[in-house]
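One chain, chain A, links the two complexes that follow: it is found with chain B in the first and with chain C in the second.
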Partner chain A sequence: MRKFILSLALIIVAVPASAQQIDLHFPELAEKADEVVDVTLDANMLRLAAKFLSGKDTDERAVREMIGGLDGIYVRSYEFSEAGQYDKNLINKIKSQLGPSWKPLVTVRSKTKDNVSIMADMHGDKVTGLVIIATEPREFTIVNISGPIDIDRLAELSGQFGIPEISKGRRHRDE
Partner chain B sequence: MTLENDLKHALRRQAPAPGFAERVMQQIENQPEELRGTPRYPRNPVWWRAAAASVTLAAILGGYATHRVVEHRRGERAKEQVLTAMRIAGEKVRYAQQEVRGIGTAD
Partner chain C sequence: MSKRLLLASLLFATIVLPLHADFNDVARAVDAQDGVKRRWIPFLGVARAVVWVVRPEGVRDFQLVTFRSDGEVDPHRLQKIMQSKAGPGFKPLVQVWSRRTGEWSFIYAKPSEEKNRIELMVLAHDDEDTVLVRVDVDAEVLARELGEKPRGVTRMARHE
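This part shows the complex of A and B:
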């Protein structure tokens, strides 16, 4: 009986300590959206992707180093033709899934630009998970990175890889 | 009942005529070789085995090549997804950092 209680306690402790995957299943948003970006990469897929990232290209090498220790990357981005297509309570619904180790790092509220909330799963000084929720009147984006991540290095990656920045294009259309 | 009796009579067990087996064997031996029934395997088993090995090898190599192609496609797709995810995440984080720095410099 004592062993059983000990095992149960270990499981209870181990579950939050392990990589937390958030429920990012929003079929109602996908139906309404004009454009959907859906990225689901577990640890196995990240290892596979790492093999195809060039070691010679500086940007790809940086990404390869960053994803080396990750457990998963999940992105859902929805762009709508009209404003107000998503429920704003969705943000609270996502936040409510995060455990007590998750701390808000940055919250940007703007009437004209993106509203961004960045939350990190903190274990001591280390960030072992990241959730980014970015909203605009016609856009809803959530990114969940599971595993140790360097946020400054992540910011340095923006707009690289020869791919045009999506948001800039979207804003043009909004104007 | 007559039909039943007729059937019983027609289907009754009957011993063959004397020398039946010998006559059958004699006819088989007198037949030309090609009518005696071809063997189910080629005469030269080496060629047969070589052909079987070639088919097996081709199947293995074909399967491996297909696996490599599928794996390559999966890898390229995973790479594209990683780059897309990192670009989106990086963009949002950088935007947040810029806004925070903007507040810092405004003071």
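This part shows the complex of A and C:
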């Protein structure tokens, strides 16, 4: 019994520190979408993907070091033929899966163009997970990066492994 | 090439090369679909045997089956075939489809127990063809070869 209680306590303590798996299964979106991109890179695949990146090129070396410690990168992107094809409550449904350690980092809202929401799983000053939700009237993209992340070097993943390009200084007049 | 040598090569390719139940299961299941007709590619077994021995650019083995579109194919069925028949260890890596262009691609990967080795199984479908390919590559060798020969790779990509 003591062993059981000890194991249970260990699990309870260990769970918040481990990367949170988020359910990214959206069959209803895939059914309606015109174009679908689904990228799943778990830790094993990331280690292998890292081998394809050059150790000589500075940018590639930086990405290689960054992904070496990650648990997974998951990208789901849906493009629709018309606006309003996805349920806007989906964003809240995704956010409701995130525990109390998840904090909003960046929120960009626009009535007519893209909305971006970036949430980070914070443990002290360490980020152990990231969820990026980018929506446009005809597009819905979610990226989940699981594992320890150096926020300063996050931009290096932009444009890699299906992660959309992160451009600096993007502004909309209607924001 | 003498007939005897040709026969020996074919026999070698058929008997000696490892059979991959997962690949064959997917190929058979795709072949059983309405709207596709399997194409026979001559000397593919011999080419596979050569790759198996020479291991060009880190490629250790490959298998390829092509199908001609012969009517409507339900790509969802192809997706389910990959999900159910790709075999243990194979995981979906990239799945992309476009209803606009009619192109569907499913890339499954299986990291090998041997360091640096990876098996990729790709099922790509468009209005004209369906292609199933399995490659077993040494990631490090392939990356090194690609890194050292960027001009060659660019030429290959441009079909020059």
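Note that in this section the second predicted complex is superposed on the first by the 154 of 175 C-alpha atoms of A that agree within 3 Å, B and C clash if a C-alpha of one lies under 4 Å from a C-alpha of the other, contacts with A are read in each partner's own complex, and residues count from 1 in each chain.
We take it that a contact is a pair of C-beta atoms (placed from the backbone, for glycine too) under 8 Å apart; a residue touches a chain by one contact, two chains touch by 3 or more.
The structure displayed is predicted, hence computed values, not measured ones.
K.L.:
Kindly classify A:46 by the partners it touches after superposition: chain B alone (first), chain C alone (second), both, or neither?
P.N.:
In the superposed model, A:46 contacts chain B only, not chain C.
K.L.:
Contacts for A:116 in the overlay, against chain B (first) and chain C (second): which applies, first, second, both or neither?
P.N.:
After superposition on chain A, A:116 lies in contact with chain B alone.
K.L.:
Using the superposition on chain A described above, determine whether A:35 touches chain B (first), chain C (second), both, or neither.
P.N.:
Second partner only, chain C.
K.L.:
With the two structures laid over each other on chain A, which partner does A:94 touch: chain B (first), chain C (second), both, or neither?
P.N.:
neither
K.L.:
Give the label of whichever partner, chain B or chain C, reaches more residues of chain A.
P.N.:
After superposition, B is the partner touching more of chain A.
K.L.:
Who does A:108 touch here: chain B (first), chain C (second), both, or neither?
P.N.:
first
K.L.:
On chain A, what residues does chain B touch that chain C touches as well?
P.N.:
After superposing on chain A, chain A residues 37, 39-41, 45, 48, 51-53 contact both chain B and chain C.
K.L.:
Residues of chain C touching chain A in their complex?
P.N.:
91-100, 109, 111, 116, 118, 139-140, 142-143, 146-147
K.L.:
Show which residues of chain A lie in contact with chain B when the two form their complex.
P.N.:
37, 39-41, 45-46, 48-49, 51-53, 60, 63, 66-67, 73, 75, 77, 106, 108, 110, 113-114, 116, 118, 130, 132, 134, 141, 143, 145, 151, 154-161, 163, 165-167
K.L.:
Spell out the part of chain A that touches chain C in their complex, as residue ranges.
P.N.:
That would be residues 33-42, 44-45, 47-48, 51-54, 56, 81, 162 of chain A.
K.L.:
Using the touch definition up top, name the residues of chain B that touch chain A in the complex.
P.N.:
Spelled out, the residues of chain B in touch with chain A are 71, 74-76, 78-79, 81-97, 99-100.
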